[in-house]
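Please find the structures below.
Below are two complexes that have subunit A in common, paired first with subunit B and then with subunit C.
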Partner chain A sequence: MRLINIDKKSWTGGLENLYGNYRLFGPVKNNKHHVFKELSKGELPDLNYLNTLLSPKSIVFSQSETMFEYSLDESKEQHHILKEINKDYSPQALIGIRPCDAASFQLVKRNFDTPEYKDPYWLRAYESTTFVGLACSNPCSTCFCTSTGCGPFHEDGLDLLLVDEGENFIAKILTPGGENFIKSAGWETETDPVAAEKIIKNMKIKAEKKIASFVSTDQLKNRSAIDLYAAPFWEEIAFACINCGTCTYACPTCWCFDIQDEVSKNLGIRMRNWDSCMFPLFTLHGTGYNPRNTKMQRVRQRFMHKLKYYVDKYDDGIQCVGCGRCIRLCPVNIDIRRVCDMMNKYEG
Partner chain B sequence: MQNPYLPYPVCIDEIITETEDKNLKTFKLVFLNPDDEEKFSYMPGQFAELSVAGKGEIPIGIASSPTEKGYLKFTVNKVGLVTTCLHSMKAGDIIGVRGPLGRHLWDTLKGKKIVIIGGGFAFTTLRSSIAYMLDPLNRMNFKDINVIYGARSPGMLLYRDELAEWETRDDINMHITVDSTDDPDWKYNVGFVPTITEQKAPPWDSDTYALICGPPIMIKFTQPVLDKLGYAHDHIIMSLEMRMKCGIGICGRCNIGKKYVCKDGPVFTLAELDNMPKEY
Partner chain C sequence: MHMPEYTAKIKEISARLLKEKKVEMVIGFRKGTVPMMNEPCFVKMPEDVKELVWDSNCGINLANYLTDRKEKIGIIAKGCDSRNIVTHIIENKIKREQLFIIGVPCKGMIDKNKITSMFENEINEISEHEEKIIVKGEGFEKTLNKNNVLQKNCKICIHRNPVIYDELAADLLDEQKDIDRYEDVRKIEAMAIEDKWNYFDEILSECIRCYACRNACPLCYCPTCFVDESRPQWVGKSTNPVDTRTFHFLRAYHCAGRCTDCGACERACPMGIKVRTFTKKLEKDCLELYGWEAGLSLDERPPLDTYRPDDPEDFIK
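Up next, the complex of A and B:
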């Protein structure tokens, strides 16, 4: 594993070299907030940021994406038959992604890449992406990544980790994809790996100490799903919820989608759009019956999915990387950390 | 990479209006590419997404049996956008089929006594199951077959010609019933499905499996009857319905607890359902 020293004076030049080989995405300040967007030539990512308002999931999983097209014109060959469309899956790089968001792609991959079915749209976009992480030296007050199996210097899901040392970045190459990225940028100054690892380790310890909030998840696996489902606290948790869906919209690990047809004149497309378990239409049957008809049922579904069904299904940790966005953005202050602790403690 | 969202193109070969309220039609579909029929290898109890270009997709149980070659059949109730459009289509129109989707439990059922309990238009996949078991190459693989099937009135029963044919056979015991009728020539049962089940279903033994499909109200009142008759919950197989989109366990909406009805179902044993939240 190579460690490279990137002098910030060579940062802009390196990005220019990359521009011909990758579509580059990075955090850019947009009015008040940082958001991930595609960088035009000469545009620099602003790496002086805490985290983006929304997660970068849309770079692999578009909020709205065309799947097929077709003609409804009966005079045309192959009318009414759905056709795959050509899409651009040329290499792209996500520069400055936080380790929590990078970990979320690994987690979401389990849903889109199953033994039985592969989701070609998500997987092709994912495989074309190089994840260039930026270690967090100043986590937010709502971050709880260290209790979700993640952390401010976490490397899983990254091809390359950048550690900001002030005048320079230490770049830790983690995969062949990261190696290609570094080569393409032309950053070549190798650094003493032992000394660099020591610096990273010290910075990591400092950053982890700054994480101020935690959740307990150790008992979730042992709890009964039926008992948790019937727990008395759901009405209270859901009481203030206005079912706005902001939590699922901002969440890097929420993957649910809808499929819809749209027609203009005789040309139609089938597309998929992000959807949310917070909305009643999500589960409404054709008969009018809805198994999750009340707000409480929908709030319960969101937390049970993330903190219990996922844990049971994959026999692993929770479906959450601790980025804290749902906590920061919830208009009525519903806090997943509190709910997680309530569920973890609940003995039935 | 194979695209699991891409439907196979099919042509509507025939449309049969099944019921007196004209709300249920059976669509006989023929694959445009013969290779696709090979790939669409299914078993009774599975379903498919029917795709109408410009409208969308709907999950529908497969009513034909894999023993019936050259076509697929789906019986569709007219309910929403896609089904209403389907009901207005004609023979020769092109639609799509995506599947087969969901699991089946026929490995468990081989060599067993089968009790089929169906109500209303949920009889479609049960029809597939009966046609499959009655196929001359399969019948010896099953012991006694009992069928209890009910609808509101005689004119609301599906597949009436077939029901009449099955009535004449000695290798299947039919117990057809209607909620009520003023037809003086009605020669079968009158009564709700749970009542007829109590009267006609064979007592349970470990070789007997019940396959149930019907409206929630029928299931709710049939379950205590089966308990009374001693049916073990892991010998009661039910098929569930949910709003679905992808049909392959990815889009996230049809879960009950950690199970997706589309991929981990739609058939579940009652023993499995006993361990899942009652959110259906």
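Up next, the complex of A and C:
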């Protein structure tokens, strides 16, 4: 594993070299907040940011994605036949992604890439992506990544980790994809791995100490799903909820989508759009029956999925990377940390 | 009276109501887990009233939590909440007899987006003393004048006192006078049609269709919103700008003559979209055409669900 020293003076030049070989995405501040977007030529990612408002999941899993198109014009030979539309799956790089967000792609992969089912759209986009992480030296007060098996310098899901040392970045190459990225940029100054690792380790310890927010998850697996489902606290937790989709749309680990056909004149498209378990329509049956017809049921589902069903199904912790976005953005201050602790403590 | 006194009085009234079993629950706010956020909550036991708070972060409209409830409820109501309670009663979403309204003369709510955007670093703590808001974060502390960081709707509010109440948590305030409520609307009205269209598209370009604006709104209680209808489906569900625009425009029209400009929609929006831009134009129209302000009286029907022979009809071309 190589460690490269990137002098910040060569940062812009390196990105220019990358521009022809990758589609580059990075955090950019619009007039209000930081968002991940495709960088145009010469545009630099703003790496001085706490975290982006929404997660970068949309780069691989777009909020609205057209999958097929078809013609209803019966004079055409191929009418009523779904045709996959061409998409750009050329190499892309996500520059400056936080370790929590990088971990979320690994988590979401569980859903989109199983032995039985492979989601071709997600997988193709995922496989075309190089994940260039930015270690997090200033976690927010709502960050609880260290409680979720992640952390501010976590490397899982990254091809490359950038550690900001002020005048330069230390780039820790983690995969062949990361190696290619570095080569393509032309950053070649190797640095003493032992010394660099030591610096990284110290910065990591410092960053982890700054994490001020924690959740307990150790008992979730032992709790009975039935007891938790029937727990008395759901009415109280759900009371404030307005059942908007903010938490699920902001969440890097929420993966649900809905498939829709839209037809205009003789041309149709089949698309998928993010969906949210907060919406009544999410579970509305064709018969008109809705098994999750109340707000409380929907709120319970969201937390039970993330903090219990997922835990039971995969035996690898909770379905959350601790990025804190749902806490920061919830219009009525429903806090997953509080709910997680209530569930973890609940003995039935 | 200052905020801690408001809170103390709210607790006192709430505990009394619960003890005397005049209500089954009190709906109010408890302190939030992040700065500038409080959480709407209910209290059912007198000993739990200690949770209740009142400060400048109670911008969510609590009338939204009354819809179709059956209990006897004590509810904390600032000016706009009380007007939406009136609207709810008129529209049969709750009965006056079910409610004990704890009126809170309101000194305005602070704009969390505005304050957040004033600082590079994260804000860790906010406190308030009279007209001062003290903001603290890592390596900084700054005192702001509350009047400069009010939510936009609070800044131009002319109904800070509750219009309907059973008991007050503080003395009534002098209402703000000589307020120009529609300066921003007039600016948009003056735009060329194409500029207006582009301006609206720009405002809405970040919308993620989460419906926080709609769901935070006490007026939006339709059993199934038109955007959620699937048989037939009126509006597409993607982030296509035409569909997004349709949603926002139609929602605004649906609130015409009912909107109290409580600002809950704008406060709830995770993207910081100025959704009041649309509802305010219709609020202005209702005032100009019918001399109407929503939610001021239980005895008058809203202009858009009544007919009068002398209703203005200049807009019918």
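Here is the rule we use: the second predicted complex is superposed on the first by the 348 of 348 C-alpha atoms of A that agree within 3 Å, B and C clash if a C-alpha of one lies under 4 Å from a C-alpha of the other, contacts with A are read in each partner's own complex, and residues count from 1 in each chain.
Throughout what follows, a residue touches a chain if its C-beta (ideal position, glycine included) is under 8 Å from a C-beta of that chain, and two chains touch if they have at least 3 such contacts.
If you're wondering where the values come from, they're calculated on a predicted model, not measured in any experiment.
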Subunit B versus subunit C as contact partner of A:Cys140, first or second or both or neither: second
Touching partner for A:Met296 - first (subunit B), second (subunit C), both, neither: neither
Which of subunit B and subunit C A:Gly268 touches, first, second, both or neither: first
Which of subunit B and subunit C A:Ala231 touches, first, second, both or neither: neither
First, second, both or neither for A:Asp258, with subunit B first and subunit C second: both
Subunit B versus subunit C as contact partner of A:Tyr70, first or second or both or neither: first
Touching partner for A:Leu284 - first (subunit B), second (subunit C), both, neither: both
Residue contacts on subunit A - larger count, subunit B or subunit C: B
Subunit B versus subunit C as contact partner of A:Ala240, first or second or both or neither: second
Overlap of the subunit B and subunit C footprints on subunit A, listed as residue numbers: 258, 260, 284
For the subunit B and subunit A complex, residues of the former touching the latter: 1-7, 9, 32, 51, 53-58, 79-80, 83, 93-96, 216, 241-243, 245-246, 248-258, 263, 275-277, 279-280
Interfacial residue positions of subunit C with respect to subunit A in the complex: 32-34, 37-42, 60, 64-65, 113, 117, 122, 124, 138, 206, 208-212, 214-216, 224, 228, 230, 236-240, 267-272
Residues on subunit A engaged by subunit C in the complex (per definition of touch): 30, 32-33, 50, 53-54, 63-64, 138, 140-142, 236, 239-240, 242-246, 249-250, 258, 260, 262, 271, 273, 276, 279-281, 284, 327-335, 337-338
In the complex, subunit A residues that touch subunit B: 67-68, 70, 72, 79-82, 84, 111-112, 114, 116-120, 123-124, 225-226, 229-230, 255-261, 263, 268, 270, 272, 275, 277, 282-287, 289, 291-292, 297, 301, 304-305, 308-310, 312-313
